[in-house]
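First the structure, then my questions, so here it is.
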Amino acid sequence: MPDIQLAHILVVPLISAVFIALFLRQKGTLASLVSVAAAGLLCGLALYLIFGDGPKAAHVSYRWMELGAVTINMGFLWDANTATMLFVVAFVGFWIHIFSLGYMHDDEAKARFFGGLSIFMFSMLGIVFADNLFMIFIFWELVGFSSYMLIAHYHKTDEAAQACKKAFIVNRVGDLGFVLGIILTYWTMGTANITELEALAKVNPDKVTDTIGLLLMCGFLGKSAQFPLHVWLPDAMAGPTPVSALIHAATMVAAGVYFLIRVQFLINADVLSLIAWLGAAMALYAGICALTQRDIKKILAYSTLSQLGYMAAAFGLGYPGIALFHLTTHAFFKALMFLGSGSVIYGCHHEQDIFKMGGLAKKMPITAGTFGIGVLAISGFPMLSGFFSKDAILVAAKLHNLPVFAILMVAAVLTSFYMGRLYWITFLGKPNSDHSSHAKETPVTMWLPLVVLAALSVVGGQEAVPYIKELFNAFHHSLHDLHHAQGHDDAHQLLLILGSAAWIIGLGGSYIFYRAGSAEDNLEKNHPLVYKALKKALFFDPLYNFYVTKVQDRIALVIDVLDKLIVQALLVRGSAGLVYIGGLCTRMLHNGNLQLYSFWIALGILVFGAVALGWIGS
Amino acid sequence: MYPETVLPVAFAIPLLCAFGTLIFRRDIETVKNLAWIGFLLPFVISVYAFLNFHPDETGYAFLSNPVDTGLGQFGIHFQMGLNGISMPLYLLAGVVGLAAGIVAIHSNFKRLQLYLFLMLIMHSGLMGIFASIDIFYFYFFHELALIPTFIMIGIWGTHERQVAAIEMTIYLTLGALISLLGIIGLYVAAGDGASLNMIELKEHLAAHPIGKADQKTIYGLLLFGLGVLVSLFPTYTWAPRGYGAAPTSNAMLHAGVLKKFGMYGLIQVAAPLLPAGADAWSGGLITLALCNVVLIGFVVMAQTDLKQMVGYGSVMHMGYCFLGVATFSVTGIGGAVMLMVAHGMSVALLFLLSNYVQKRTIILDMPQLGGLASRTPVLAACFVAATMASIGLPGFGNFLGEFSIFNALWQHSGWVVALAATGILISAIYGLRAVSKVFFGEPSKRLAEHWEKDAPKDLDTWERVPVFLLLAFMLLIGMKPLLVSDGINAHTKALGYYSHKPGDVTLIAPNVAPVHSSQGIQAAPEHH
Amino acid sequence: MVASRSPVNSAMYMIATFVGMACLFVLLDAFFIAVLQILVYAGAVMVLFLFIIMLLDMDQREDLRHRTIPSMAAMIAFGLLLVIVLGFFKGKFEGEHLVEVQESASIAQVTDAQKWESGSSLPYSTKAKTFGYGLFSKYMLPFQVTGILLLVAMVGVIVISKPHKAKGEEAEPEEVL
Amino acid sequence: MQPIYQAFAADNPWSQILPEIAMVVLALALLMYDLFLKGERNRSGSIAIIGQLLIFCTLVMEGGRGEPGIHFGGLLENSPIGNFGRAFFVGCSILTSVLACTYLKRRLLARSEFHHITIIIAAAFMLLVQSHHFVLLFVALETATVGFYILVSYSRQSPLSLEAGLKYLILGALSSTILLFGSVLIYGAVGAGTNGLDAMNFSKIGGFVSMNQGDTLLRAGFLMIMAGLLFKVGALPFQIWIPDVYQGAPTPVTAYLSVASKSAGLLVMLQLLTGPFAAFQAFVTPLLSLIAILTIFFGNMSALSQRNVKRMLGLSGVAHAGYMLLGVIAAFHAPEMATKALFFYLVSYLLASYAVFGVMTWHAGKDDADQDLRSYIDFGEKQPVLSFILVVGLASLAGIPPLGGFIGKMLLFMAAYKAGLSTLLILAVVGVTISIYYYFGWMQEATFYFWKLKPEDEEKQKELEAKYPKPLCAGFVCTLVILTVATIAVGFFQGLIPVL
Amino acid sequence: MSIGIHEFLTISGLLFSIGMFGVLFRRNTIIMLMSLELMLNAVNLGLVGFSRHNNDLDGSLFVLFIITVAAAEVAVGLAILVTLYRQRNSVMADHLNLLKD
């Protein structure tokens, strides 16, 4: 029964997290072992489920909460997409856990870290399995929380403190639209269950409005850090590197794309093309941003953004399967590269500036080698995993939307250019600092995951490979569509040439431009104007900063002052003061003079007499 | 156990213990033990009642026998019982009561005997409010719990206590009196032979409905009276000031439990008995509640004092409850109840944790804090958990409440939902800002100097117990909402709130937005 | 009387007023009351007043001229009050002359004619004897109460005027401010 | 003896007013005791209290209430209002005697006479609320009032007391004259229209008034009588005497004035407005409503800025008179409920007022000096029991649940709402809220300033205490505790007050 | 007889108003007391007039009570006045201002 197994898979990391939180807070090593064991267990269960003989599709749902019109179910939807995504999460996740054992070995808050990883696994799996929009949203928020918690791991640094906050809040902006979208969907379609929604959307295509699509897209924009909500991802690199690999490269940010794939039938054509454009733009924009970065992790982060743009473009072009394909391969090689960068950082004693590295290939051969495979894979080196998925996207773009295709092509060149820049400067040449000159190869817990992921990056795109074949079940439909689209073969031929040209130009160009192991940024030195112009591409951060400090906080301040002035001072104090002044006035009447007092009585008599005579009142 | 005695016993125990503390006031240990009994037993009883909650066909369980205390001729009898809506709130009272009680017992106040005496009185009132079936006693117990609050703030409060206590007193008395007028109005408008017993009154009103104009007046009185008690815009200023000045355990009980009285009154009494009135006021209520959410949201963002922030934050979240009430639907009302329960626990926890922070830092001005997480990790973790709960993270009931309310509001207007939902963003902003300012980063210079002399310690055992107690129940409700939602669902439906699934609409008229709530009021009986 | 600056003069005018009042009573055939008026008011009460005024040498002259505002206010109040009070009576009993008293030969004749019920009035008579009958039959209760009232007044006057002497103590000295 | 006089003489069933007679006898006995039997210690207080308690018991046990109906040739009616009033006034008088014991102990004042007058006043009030005839009404009222003139100025060493007495005397006499003038107008108007009927008898007046509602003379007389009664009640615009007189009078007398005198006026007004002048209800409703609201606001607002607690309580009493007037107006439309509510209100007001005045009596020191709010600082620390009594009493006066005052107010509001006075009630509620401020302010001074007294003030207080020791007598405290317990208990078990 | 009840009532009202005027106008409390007596007399006049006009004795009997009460009142009032004068050496209304806000 897949649902029982799915439930087991879901619960294992939760139990691990709870166990760590309750009993192992002080025992970091034990906590790490528990967490890794849980990851291993769930990975094993997942592999058994994916590659075993069980049914390929299942759907089961439990009532979790009911209030009037709103019933929230906890359900499991098991199909090809789920299987592929589960593989990515469980398998990559497991190796990242292993890597963390080494990377976080000396950390003082290991227990918190591994507890967080377990929580994350739980939440992420929840999104993967969810059979309805409500459940997706619940786990969507939970991954946001685990991401927050893990980014905040080095909370003593201001950078991390700011980054975690930013990540969560920017995500919330997206979620704002997302939650509205979900509610709108629910009230329009009458259900939140994905299977039912699919059936309904097919019957009533006119109900799938632009609004639904746009609002649901907001969630994707936030979680997958797409334009204009991309600002949080580079900052999120303040977290530990395994976290960046797991959450901010392989899985969580991809959850946005996965979600879109899940609800593809709710996105109509208009919104799809918008997503395609946004994705393409992001691919290009992130590439440009990456060019000027010095921090190894930030380069990778922008690269992630760019690749997510590719996925979005693929989805927008109407090929969700290809998007998922790219998601999978990207998970492999990007996790690989992040772990590689983690290895580098670990080796260089937490130095992250690439211009202070250099010459690491000799000192850290395994890292360098596997990282190289990653670079090649992302650049689209033939027969590596990235080649297949990227090629498919570009073909699709060529066939359906030429401008997008053009943008994506430029982005592809940029990708290989900045990846080349990263690789040449970091690994080749001579060490540029003490840190890098004393670098050593990392222990086995850290390089073994690199090797495994490198292997996956190599074979991940080959349908022919035994187990990989199972993953392709999810891509078949789209790939089939693409292969049978008009003009596919020509385009494919063209792309073989253009694609190769792209990675050759990129890698070669960057070598020529930057040289191996350069200690300073040649672009900045030789072409300061260009460099500055490119730096300007980062205008979003100042813009948002401006918004937060100059607009939002000022509004808050003004409203606060108004609150103090009008409500507290005028209404509350004012009315109290009025009564008090009234009291003082009446008090003055009691001046102790008997005659004045008798005047009161006379007044009373006069009034009463006048009333009796009918002069006053009726 | 005799089910009809359970609730009166739970009400009487703290009261008796309170008078016990007066008798044994010379012996502080005995007083503390008495206080333990007075807080623990109601907790046990509330959990017992929660686990054994099987309502009969009237929707009530643990009904006690009506007792005429002298006002029987005016239709007022003392009777207790629990229904699906009051059960979770009763549990809330038991849980938060115990947590606050533990905090109070372990506080080192001067004149602790008197403090515990007042806390016990207050707790006894709380155990009475949600169990009362008679509307008069429901109000009566609220006041019984309210009065000690003023005294506690006045005597044991912080620097601003005099002003805060008096402002709070005046506001809350005004609100209580206006709502009392509303209750009286309800009684009078129901005509001769009416009773203030909720069950009987409902039947009575079904036979003798109140005119529309009367309903509007009476509901207006109840709404604004109770609204003041729940800090409806613009009568909220007492809340942050009062909570800022209140001693912690008192603030926990008041903000956590007692404040829910007003909302509970609207849900349990006002709206179901005066549907036309509720409908007439719904638009205005939504506007005010949105002000609560959005305007106060901005005000919260501007706060730099941690306790003020928590206080304003609770004002803001009450806006959601009001929105839920304004929808007059099972979903909205259910969401409001859910949110009340969850918010009650989370806000109590936040007040408690803010106090712990204050103990360790002396100052509460957030820009001057920082770096506490590395020194007191458990405190930090708990604070983050509480913040997350209050900003509506799934896994805590707050989320479920807010989510249901948004859903219910959708039937009213999409734009309202959009505006209301900005609240989740606003609360995230201020909540996380607070966390990062207080716990993350490096301590400020002033703080570092202070810590050199007096290094902060993490939570000790007796500090942890109430925190974990609250967290456990928050998670329990958040993780297994069916425990409470089924009861709420059943009873809100029984009260005649408007309920239909979106599917019903789409089948009939695919392109028409769900019907407006006013039609639902008349339609409601046919639905069930 | 009210406008005279000296209290003694005021008191003298007051006596004159009372005597005039007694004449009015006589005009109304209320001889008994007229006599009482002279005896009690002019004879006792006003003597008491004069006595006190003299005793305390209280004959301070009030300067009534420099208090224009209160005086004006008092005048206005007086005017309005007069208008209102006369307004009460306006159109009432105008032109109704008093009927000659039909004094019956014996009280029995009158009373037999009238059927008694709780709440019937006493027949009119100018004879002092009927006053006695009235007081001791119908108005017995208020009459007793009046007795108590006088007792209270007496006790009160004593208590207020006489310094209290506790056992074994000297009378407290009068405090004079 | 002629038949009509014989008939009248035969209709004087003295057994109907045995409690009143007993009171008078007790009062006379006190004087006798003072003259002949006084030993080393003056036990007049105990005698007065025990004697009155016995009378009170017989009244409450319904033994001494007599038969309902009209007696004494139409002068006296044995009615529910009257019977409530009888027990109520005896209760007031007992409590006044208790307070007076503590008060007199510290002063060189005649004791037996004080109790004597107190008891006579109670007896007069008892007759007043039963009176069915203007002659008895006036005589009883004047007996009580003259008694009050004496009691107010009883502390003859104190110029304040005398001044208050004189002010009360002049204004009180003025108001009685006005009342008298009114009854004369009624007498004239009614007598001219009926023949052979007693024009001062309430039933006869009622019959006449219901047929001649538009008559100016009747209206004028009615309103003048109302004015006289409103003076006693302390409603606007006849409230002006209250703060001065309350401040100057000895504290037990202030209590007596504020409870008994006010209630007497109110009960008589209720009696008149539901009896002889029932036909004027519609005519007088707007005027009374206006007066009630103005009274509530005036009382509360001027009490707000007071620092002298006696004046404050006096003015708060003005506000209470306003609430009670609401009850009177409510009685026009919902007579049964409003009457019950008023009775309940009066009893709860009595319980709370005497508790508070009791504490004040004890705290006042010599010559009623410590009546400033500041003198209550640190009270909670020094006298926890008394401060508890004070707080409960004030809270009940403020109408805070779960105390008796709240139930009274609620019942009153219920009656008023039933009578359709919802708009007035909203204003009244605002008034109550204002009142919270000063009641609470006093509680604050008394209990919230623990360990907050300035050293120089402390020294001053100590000095004062050394100079004027304040012994606390067990019976006195017991009485106050009983009052407090009753206030609380009545909040929970409203049936304890048998008026419902 | 040429004068009727109306004329007596007018005189009574006049006297009542004059009495009131005296209370309002004079500062000397003794004179205030005397003015009050005057007002009571005005009432008496009215009562007797009505009694005569209505042809019953109750009004006249009431007068007796009023006279008694007035005497008692005056006695108490004068006693207070005397004691007060001894302490304060004045009985002017505006000197009696120890009690005020």
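Every chain is named by a letter (A, B, C, D and E) in the order it is written, and numbering of its residues begins at 1.
Rule of thumb we're sticking to: a residue touches a chain if its C-beta (ideal position, glycine included) is under 8 Å from a C-beta of that chain, and two chains touch if they have at least 3 such contacts.
All values reported here derive from a predicted model rather than from experimental measurement.
A centroid comparison over C-alpha atoms places A as the chain most distant from chain C.
The most distant chain from chain E is A, comparing centres defined as mean Cα coordinates.
The pair with more inter-chain C-beta contacts, choosing from A-D and A-B, is A-B. Chain B and chain C have CA centres that are 69 Å apart. Look at where the CA atoms of chain B average out and do the same for chain D: the two points lie 43 Å apart. Between the CA-based centres of chain B and chain E the separation comes to 65 Å, rounded to the whole angstrom. Note: centroid distance chain C to chain D, computed from Cα atoms, is 28 Å.
Within chain D, the positions touching two or more other chains are listed as 135, 139, 142, 146, 149-150, 153, 156, 159, 162, 165-167, 170, 174, 185, 191-192, 196, 198-199, 216, 220, 243-244, 306, 311, 437. Counting partner chains per residue, chain A shows two or more touched chains at residues 576, 587, 590, 592, 594-595, 598-599, 602-603, 605, 609, 612-613. Among all residues of chain C, those that touch two or more other chains are 70, 73-74, 77, 81, 85, 87-89, 92-93, 121-123, 134, 138-139, 142, 146, 149, 152-153, 156, 160, 175, 177. Chain pairs that touch one another, listed by label: A-B, A-C, A-D, A-E, B-D, C-D, C-E, D-E. Interface residues of chain E facing chain C in the complex, by the touch rule stated above, are 1-6, 8-11, 13-22, 24-28, 30-31, 33-35, 37-38, 41, 44-45, 48-49, 51-58, 60-61, 63-65, 67-76, 78-83, 85-92.
The touching residues of chain B, when paired with chain A in their complex, are 167, 170, 234, 236-237, 295-296, 298-299, 301-303, 329-335, 338, 371, 373-374, 377-378, 381, 384, 388, 392-395, 399-400, 403-404, 406-408, 410-411, 414, 417-418, 421-422, 424-425, 428-429, 432-433, 435-436, 439-442, 481-482, 485-486, 488-489, 492-493, 497, 499-507, 510-511, 513-514.
Within the complex formed with chain D, the chain B residues making contact are 68-71, 73-74, 110-111, 136, 139-140, 143-144, 147, 150-151, 154-155, 161-162, 165-166, 169-170, 173-174, 177-178, 180-181, 184-185, 187-188, 217. Of all residues in chain C, only 1-3, 7, 10-11, 14, 17-18, 21, 24-25, 27-30, 32-33, 36-37, 40-41, 44-45, 48-49, 52-53, 55-56, 58, 60, 62, 64, 67, 70-71, 73-75, 77-78, 81-82, 85-86, 88-89, 92-99, 101, 121-125, 130-131, 134-135, 138-139, 142-143, 146, 149-150, 152-154, 156-157, 160-161, 174-177 touch chain E in the complex they form.
The residues of chain E lying in touch with chain A in their complex are 20, 23-24, 27, 29, 32, 93-94, 96-101.
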